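Have a look at this one before I ask anything.
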Amino acid sequence: MSERSNTKELTKELFRKLTVRPPADVVLGESVPIWRDVWRRLRSNRAAMAGLVFMIIVVVMAIIGPMISPHDYWTNSLEHTNEPPSGEYWFGTDDLGRDMFSRVWMGARISLIVGLAAAALDLILGVIYGGIMGYVGGRTDEVMNKASEILYAIPYLLVVILLLVVMEPSMWTIILALAVTGWINMSWIVRGQIMQLKNQEYVLAARSMGAGGSRILFRHLIPNTLGPIIVTITLTVPSAIFAEAFLSFLGLGVQSPAASLGTMINDALDSWTIFPWQMMFPAVLISLTMLAFNVFGDGLRDAFDPKTRK
Amino acid sequence: MENMLSVSDLHVSFRARGGEVQAVRGVSFEVKPGEAVAIVGESGSGKSVTAQSIMRLLASPPSYVKQGSIEFMGRDLLRLSDKEMESVRGKDIGMIFQDPMTSLNPTMTIGRQITEGLIKHQGLSRSAAKARAVELLSLVGIPNPEARYSQYPHSFSGGMRQRAMIAIALSCNPALLIADEPTTALDVTIQAQILNLMKDLQKRLGTSIILITHDLGVVSEVCDRVIVMYAGQVVETGTKEEIFRSPQHPYTRGLIRSMPHLDQPKHEKLIPIPGSPPDMLQPPAGCAFCSRCEHAMEVCLNNDPELLKVGESGQQAKCWLHHPLAKEVQQA
Amino acid sequence: MARYFIGKFVSLLFSLFILATVTFFLMKAIPGDPFTAEKAVPPEILAKLNAFYGLDKPIWQQYITYLQNLLNFDLGMSMRSQYQTVSGIIADSFIYSLQLGLIAVVVSVIIGVALGLLAALYYRKWIDTAAMIVAVLGVSVPSFVVAAFIQEWIGNKLDLLNPAGLNGPADFIMPVIALSALPVAFIARLTRSSMLEVLTADFVKTAKSKGLRQQVIIIRHALRNGIMPVVTYLGPMTANVVTGSVIVEQIFGIPGLGPQFVTSVSNRDYTLIMGITLFYAVILMIARLLTDIAYAFIDPRIELTNRKEAA
């Protein structure tokens, strides 16, 4: 025991009472703003960061890709059908001699627009519906919630297919169809978040300072529900991209000459063992894009909620 | 009488992001057969970690025992194989946890959760185990035990669940019962019932008890002897009477002063202990309580005091105030 | 308990009714009619056709008839293959889809749970990492890509299995792999995260304090609780398997419901589209109901708390 004592000789002087209380050596974790905290945790997650980097690359290439290729994506060239990748055609050509490089990035552009726009529409509809459910509560909430449950039980892809059979298939109809069915999940998340936050003190504080209902909703409640919502958006994008590819596969996707990655894969399916590049490039790109969004979304979820382990 | 359990110089740490959290730093104490000992301290004092170390329930990693021994009925529990430890848990030592709402398996009947241990440790048949479980349920004061046997935890109230937990912990007649904050999560009226039950069972079965709590009121109900912990160390030990009548460590005194009691004059305020416990990533070199202590001396800053014997009986306090030199200075 | 399920059932019937209504009016909203699409049809024949399909009546009457027929499981005649009823087409092809789907569901649950359990038990070890890489790939690679690739490698290059067709049990292997990839990945992730939570739960500590063996604790105490999120996923999984089967059956040349659906969409065979859509919807709703029942079986708390549908 005595080896723990640092002073060898105990003298009387040491036993005088201290006049000044010694400073507490407690160092509490400095309080960090939530966004910086999230970013710090996210940055330490290598998979999520790789996903983020890849997402950025795909977005940039979807914008500039079709421009940097010497060929556009729609011109048929019958002398150059089914050419393998070369210095002239970087990703080869398809059965109509169109440049695969331009087409792939054009397809990525469409897939991304579909994914992002569907997620954005989900967000708008979900926040409005879920915000009202959570904030008003009571009977309104009960009825609206039951209605959303009934709608949710309808398999969304079937509705999307029906809508597309009726409407002229195009990128915008796909987005619309996806949004019509996709917002319910988002509304539930918003509702849950709002219910949780509704009774917390600062709402009371805002109330007592005379803020009206809508002001409370948009100024105080919604910013605080952002975490799970951002995560949901991130994870909505890949599922919308998949849905679009699936619809293209059924022939309900974007119409020629434009092509999404799904259409290209579908077109290449019959002959891809002979012309593998026609399948490889779009298949790998769509998989990697979805992978990137999924990994990034998972990382974001962990960063927002460090309690749930990856 | 010989000690049934003796913990000596136990050090337990956790690996954390910032380094090593030294949760328990050299804890020693003994428990005699039939004795009820309380370990008291605020959250983070290392009392729960000590208790769980005895049962070897802490996940490793992140926790690890750095040094020390836990001698139980002649064997060092820290040296037992996992297999050997399994035959100690539940059979020789039973344990009750803080939150009865989460410490029972929601998908298994209460009866099944009691018979599990009986079948494993006493080799009872299913029907014999069931008979014994029903007996245990009525022993812990659960009315209608036959019907309760086949119910799930969700149809039990908090107090009832804690009774069921006690039945589980006592099912194999363990020599030692560790109760980790058994009443903290319960209503005050239920608390008293559970404490009375424990006291009663201890008398009838002769089980030793280690009661972990932050509530001195709970201590006075059940225990013979008190161990006060602070910042991973034992700072004072003594009998219940000694601790309550003449606490010798400033921290113990602070604890007692901050405890409400009935005969308190209306205007007298409860006095909280100022400040907060030290950072266990870098425990201070001197006395851990120093920065919160109104009697702090120069010696306390850099010198860790030893447990010093105070008074005639076994009371001990880990405080420089009880050093002969301190007394000389005060008298001068 | 019974009341709980009756409530669920009524709610699902209501969903189905909405879908049936939406389907009906969407089909009516299509400009033109299915018989004018191709070459000109003489007007008297057109009138006969319209009369045959009941298209000459007022729309609300058609709607009532349609609902009545639905109650009798009469989905009408296919508009392209005139001598076949929609129910007949579905009955003939569904048998293959059902076999494939059931196998895929069973395989997914077994492999997914095993993978997730291993990952949780070896948290942050290489097994965990490997399992999670498989899982994230399974979620990210679309089923038609998986299907096309394994068809090429296993079927054509390695020549281990028939690349297409359904003539024996071995022909199920590749479609099942393609169909299970996504659910396996999903279940593995669900199982892992829920097991990680359960393994640190208080009642697992209680089980340990009773002196039970590690394996007993994991299987008897942890797994039963950890598997609950997987059970709630069974409904959505059926949806995934159904969606996936449309593509996978098409690629592997299985004469199931999927190719019928694809053909009906591209042929604009409206009665068949409507019929298959409703049929799929019924299957998914049955799956949801079964999920709720299964959940009630493993979670004894269900009779007290009227569980809200989780997202």
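Observations on the model:
By letter and in written order, the chains are A, B and C; residue numbering begins at 1 in each of them.
The rule we apply is simple: contacts are C-beta pairs under 8 Å (C-beta built on N, C-alpha and C of every residue); 3 or more make two chains touch, one makes a residue touch a chain.
Note that this is a predicted model, so its numbers are computed, not measured.
Using CA-based centroids throughout, the chain positioned farthest away from subunit C is B. Chain centroids computed from C-alpha atoms place A closest to the centre of all protein C-alpha atoms shown. Centroids of subunit A and subunit B (each the mean of its C-alpha atoms) stand 48 Å apart.
Inter-chain spacing, taken between the CA centroids of subunit A and subunit C, is 24 Å. Subunit B and subunit C, compared by their mean Cα positions, are separated by 53 Å. Subunit A has no residue in contact with two or more other chains. By the touch criterion given at the top, residues 200-203, 205-214, 220-221, 224-225, 298-301, 304 of subunit C touch subunit B in their complex. Of all residues in subunit B, only 275-279, 282, 284-286, 290-292, 295-304, 306, 320, 323, 325-326, 328-329 touch subunit A in the complex they form. Touching subunit B in their complex are the following residues of subunit A: 1-2, 4-7, 10-18, 21-27.
Listing the residues of subunit C that touch subunit A in their complex gives 11-12, 14-15, 18-19, 22-23, 26-27, 29-30, 123, 136-137, 139-142, 144-145, 148-149, 152, 156, 193, 196-197, 239, 242-243, 246-247, 251, 262, 265-266, 268, 273, 277, 280-281, 284-285, 288, 308-309, 311. On subunit B, the positions that touch subunit C within their shared complex are 55, 57, 59, 82, 85-91, 94-95, 97, 99, 102-108, 113, 116-117, 120-121, 152, 154-155, 165, 168-169.
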